[in-house]
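These are the structures, in structure tokens.
Two complexes, one shared chain (chain A), two partners (chain B, chain C).
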Partner chain A sequence: MATKVFMEALSPTMEEGRLVKWHKREGEVVKAGETLAEVETDKAIMDLVARADGVLRQVAVTEGQTVPVGNVVAVIAAPGENVDTSPAVAPVVSGSGGGRREALKDSPTVAGGGIARSAPTPVVAAPAAEAGRLRASPLAKRIAKEAGVDLQLVTGSGPGGRVVKRDLESAAGRAPAPASVPTALAPSPATGRESFRVSRLPSPERAEGAYQDVPLTQIRKTIAKRLATSLGPIPHFFLTTEVDMERAAEARDALNRQLGDRGKVSFNDVIVKATALALTKHRACNAWFQDDHIRYWNEVHIGMAVAVEDGLITPVIRHADLKALLEIGGEARDLAEKARNRRLQPSEYTGATFSVSNLGMFEIDQFTAVINPPEAGIIAVGSIAPKPVVWDGQVVPRRRMRVTMSCDHRVIDGATGAAFLKTLKEMLENPLAMLL
Partner chain B sequence: MASQFDVIILGGGPAGYVAAIRSAQLGMTTAVIERDKLGGVCVNIGCIPTKALLHSAYIAKLVREAKEFGVEAGSVKTDYGVAMQRSRRVSDQNSKGVEFLMKKNKVTVVKGSGVLQPGRRVKVGSDTYEARTAVIIATGSRVKGLPQIGLEINKTTVISSDEALFLEKAPATLAIIGAGAVGMEFADIFSAFGTTVTLIEALPRILPLEDVEASDALAKSYKKRGIEVIAGAKVKKGTPAKDKVTLEVETDGATRKIEAAAVLMAAGRAVNVEDIGLAECGVQVTERGFIKVDPGLQTTAPGYYAIGDVAGPPMLAHKGMREGVTVTELIAGKKPHAIRYDNVPSVTYCHPEVASIGLTEDQCKERKLEYVAGRFPFSANGRARGTGETEGFVKILRDKKYGEILGAHIVGGHASEIIHELAVARENEYTVEEVELAIHAHPTMSEAVAQAALDSLGRVVDM
Partner chain C sequence: MPTLTYRDALNQALREEMQRDGNVFLMGEEVGVYQGAYKVSRGLLEEFGPMRVVDTPIAELGFAGIGVGAAMAGLRPVIEFMTWNFAVLALDQIVNSAAKILYESGGQLPIPIVFRGPNGAALQLGAQHSQAWESWLSHIPGLKVVAPATPADAKGLLKAAIRDDNPVIVLEGEMLYNTKGEVPEGEYVVPIGQADVKRTGQDVTLICHSKTVSVALKAAEQLAEEGVSAEVVDLRSLRPLDEATITGSVAKTNRAVVVEEGWPHCGIGAQVVDVIQREAFDHLDAPVLRVTQADVPMPYNKQLERLAKPSPEKVVAAARRVLYLD
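The block that comes next holds the complex of A and B.
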């Protein structure tokens, strides 16, 4: 009995996927749980796994092609099974406006042969929402509202693609509530493997012709969408201060000398820690704007902007206020590495309460960062460089760093943001203040 | 050459026959092997005949109370033999109904005891049958005695439900060991037919798996009608004689002797895993004796699946039936809705009935959940007052933060029917509010569900 292989929603926000590489070829025997192909989602490269045993047939998508979620990309048939060879599983290539919904409406119904008998839409591939109607259980809606999760972005695993409680447990990174006993038939987890990279940036060498069109990658589409919902609707304002980093640098050097081979503390680790601690003293800045209310977080989770090959993503250092510098450093490096290999799990890049963007390594003196909603603030950190300053009445060279805070004025007022920034500056200028 | 089918099912009980029908519906050639009557324990010596007898018991109670309702029926005489004969007819009708369904769906029924063999084969007598796709084990369970304390089932004085269902007359006195669903139901039946019943439970309360409040309500109700209820009691020894049994029962530190014309063993069931060739096929069992299955109900031997009682608790017909549907859909390559084992209703059909779903209040406490218990007694429900069924209550355990229905417990008339509103609600993740928002017809027993939901929100109206 043939089973259709669908482009599955492999991340909470995925609407379409680019088939990066087939691991199985047409006619090859596959087992349920085996990786069929690698798919680039809007966030990472993930495995598309087989949901049935059989032979891979009717491969309808070639490597590099983009297909909306829910489309059939191939069929797994029993050996020797007569599978209809009509072009029923032709892919819909991205680019056609509103392609996803159309594609789903027209999604192939296969007539005759063995396929017709295996009819049901698999739960994994169903859309979270149909036009105008949100499919989610009442309980899921309540949990989503509390957790600040946009249900439109969650893929449902309930009947007909309905979003249910367990979908939110993974989306929000919450521990599963004890009331629910594990359910049968959960899909087997994807196997971790080496990442597979495709360069999609224009080459630095001068190419032929007057210009070069590069299609938007999934991550860039998401960036475009997310940031347009930030700088447009959110009333940003910016506060800049210059921090004397002389003592922070001395403290860091001393720590690293002492640590020797046991690890290294970076400026970024110090900044993340100081930011987290300053937020504990200024809860008004550690908040989410939630349409009809503001959620002031007691926990501090710092989003850390990481540049990846063709975009950026903000993995989260959870409870950064409670973690030691070495812990923060270890986690930051680990998350950045995963981000660059596009192996971050959704729970690792959602749920930040405040963000830090650091372009110091690019010798940027000062910049402004775009707020990552629903967070209410982000700090943009420039490079640390020696500058002539007046110190005890004398012009002396000192290492200085500029920090610019972007604030959502609906949550943070000028004085509130300034007070937070002052605490952050004090902590960095006198690292012992972090102990207070 | 062996007869070939796509799917072969060993056992034609509720799990097996439902699997057979679904398998046939999905276009697979299907055979069921059954050594006795189709329908298994449930139809022949379980759920169905006991419901017939419980209704006889209910009628006896109604007639006894009829005068109060303005109906005089004279002196009430009961005859267990007649009730038993009626229950047999009901069972036979049901078993024939299953036979008809097998024919209608073109399922081949093989009579005999099947033994599994490697290569997805099953041997019945000298015939061998081969499954192209899957063998499904659905051999069910049986009553177990307690031979270690002298209470091996002898079918005369030490009996199980198997014998109790065929008695020509009710014994004068009966001791029932085990106050789970089976023990509770037989206590109700025999008490109505004039037997002096003593109900003995080893755990601290009767209906030990139900919410404490349900156990308490039933203990009170049973005591009121003259059933002796002894909980937290250990039966040390049983001595069967020709026409009576003497039990030594340790309770509250003291040992007392209980004599009864018969003892009914209702303390647990053993699964039928012996002599069916499990080991030869590489099908492993768990420490507790159930067949080991993965989330897709496949055993440790590929191509061999297990469903129903043999596949693990809860040992309930409706759980097995659902597994029957799910396993065949999986075998056919479909993606069925995952079975929610935390949302299987549990019902005891004694009077008043006890029905529940989800967590008990004690389980909520153990899991440190923040919950609110909403309650509504049937004594405040108009319909219940009208029919004189004012015993019992509806209790709903609501998650404090999100309103999730953590559990629901109903004691009262028709509790078995009322519980499904809450089963549907939980399956679809409706919160307490959605249950309350649905307009409940007035006057009905079901209104108590809406009122209990309201009570959990602190806004009960009718109390």
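The block that comes next holds the complex of A and C.
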């Protein structure tokens, strides 16, 4: 019995994947669990693993091709098994993903009788889905909505990867919804990754022609889609405060002197920690907007915007309110490194309850950040720079930092956000207050 | 309950209605002395005489027009066509007169007329005499269209058609006339516009009418052997369509296959699919599939004719597709 290899949803929001590299060649023996190929999702490069033992056959997707989740990319057959070709391999999109998709025409045969069904009966309409669109039957969508299941996490067994009722029934049998994401896929050793170039940005040198069209990478597509669901639909408002960072800087210097070569505390670590602690005192800001309800989180998970080549991603520091500065710092560096190498697992970049975006290193005084839904708030942190301020009646130079909070007005009102920001400011201006 | 053939059930309906209402009369080719090409009018000339059982020349447009005029004048004609393939000649009277006079007279002239006769393919009658006309006729506002599949429905729907004040098309079947079934005696009227669930099931709805009801029931038997529980909905009335029964069944089973004798393009099934996608969208787990006659003139060759027609095997295959079993 041949097993189809599908393009799997390797991230919670993945709708199509680019096949970066085949690890197995057609005709090679594969074992269940072995890595078949590397796939670029909208977030990272993940391994597509074999779900059955056998011989890899009918590799239908070449390296560099992009196909929707649910499409068949190959077949694993028993040695010597004759694989029926027609319905097994779905047509694929070529190249950069901008191409037109062919309709998935099934070629039915009549059960029994061995008679080919006359062409128009029954009429089979299997139109191609829009590129990147999730395919699910109307019933499956309704069941998922009522059961609170994220359809993106369900692998569809219908034509073209359509999620149908039975997929939700089998998904319901498994424990929590996110468990159906194949997070168990272990990252493979970085073999052959040199062939993959993340960036498709135009080079700084001026090229020929009046302009250059650069196809969207998976991560750019996701950024475009997700952020368009933020600043447009979400009623943002912004609160800015200027924080005196003298004492935070002194405290950090003292800590780092004491640590010596055992580690370093960065301003970012201090800001993440203070933000997390301030959120425990202002739960109204530690919330998700969920269409018909607001989820106020008791736990604090801070999303940390990390710039990567050609995009950004927000890995999550979980339980940041309970972690020591060194722990936060260590995790932040690990996550940022993974993010830059595009090796973050989905569990590492989902589930934040609030986010921090820091552009201080770029000498930005102040900016506004776009909320990462369903979170209700994000703070944008500017650079720390000495400024003349009036202090005890004297104009003196002090290190100052501007923080701007973006609030989802459906969750956070002006005074609510301002109260949180005031607590954050107090903690940063007097780091001992974090111990209160 | 007595067991009657479909033809005798129709005969009973005609006799009872002619006994009940002196304005009801039967007209058509060979309905009198020959007692009907398919013996539906057996004994009626003897009982009701030549004024109420009228043999006509081979002139469909002419006697259909006489019927429309009689209806305008207050009678309740039943016009028999030897087959609906011949009724094409009378379409001007059916479509342009019968269906429109109530409207064009500003509601002053109802046309209580019945046009009836066998519809669809029989066996090896060739392309011109093997056609299913229901999608043509159901297209017309001003007409009602019924297509009974069983002797009981044939009796009940013909009585309802005769009593209706609008033109009603009754589609019978040459292959149905000899089929037998229990038929209630006396006053038995099936309201126009009500579908009938001929078999209950949970997994897939097979929607059919007329001869395809037996096709769907056979398919349901085969599916049951595979552990699939199919519900068979007999539309009975094609215009008006019983949307509530269709959507109610699909809401239960989440999947549907529509079976009909006609061609696929603009067929009855297309209308049923429209109802389902509109009224039961959120209940659908799969696109609705259709099993129809092949989109070609009916072949005369016996094997080709069999392949062109809807069959239980085709219905089973379509049901498996909507159940994602293939």
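Following the convention adopted for this analysis, the second predicted complex is superposed on the first by the 294 of 436 C-alpha atoms of A that agree within 3 Å, B and C clash if a C-alpha of one lies under 4 Å from a C-alpha of the other, contacts with A are read in each partner's own complex, and residues count from 1 in each chain.
By our rule, a contact is a pair of C-beta atoms (placed from the backbone, for glycine too) under 8 Å apart; a residue touches a chain by one contact, two chains touch by 3 or more.
Keep in mind that this is a model prediction, so the values were computed, not measured.
With both structures placed on the common chain, the touch criterion links A:Ile384 to neither chain B nor chain C.
In the superposition on chain A, A:Arg51 makes contact with chain B only, not with chain C. Of the two partner chains placed by superposition, only chain B is touched by A:Glu146; chain C is not. Touch criterion met: A:Val164 reaches chain B and chain C at once. Of the two partner chains placed around the shared chain by superposition, chain B and chain C are both touched by A:Ser137.
When the two complexes are overlaid on their common chain A, residue A:Val59 makes contact with neither chain B nor chain C. Residue contacts after overlaying the shared chain place A:Ala248 against neither chain B nor chain C.
Touching of chain A by both chain B and chain C, each in its own complex, is seen for residues 117-118, 120, 122-124, 137-140, 142, 164-165. Those residues of chain B that touch chain A in the complex are listed here as 26-27, 295-297, 326, 330, 332-342, 358-359, 367-369, 399, 401-404, 406, 428-431, 433-434. By the touch rule above, chain C contacts chain A in their complex via residues 254, 257, 264, 281-287, 289-295, 307-308, 310, 313-314, 316-318, 320-321, 324, 326. For chain A in complex with chain B, the residues that touch the partner chain are 1-3, 51-52, 117-118, 120, 122-124, 137-140, 142-143, 146, 159, 164-165, 177-181, 183-186. For chain A in complex with chain C, the touching residues are 106, 108-113, 115, 117-126, 137-142, 157-158, 164-166.
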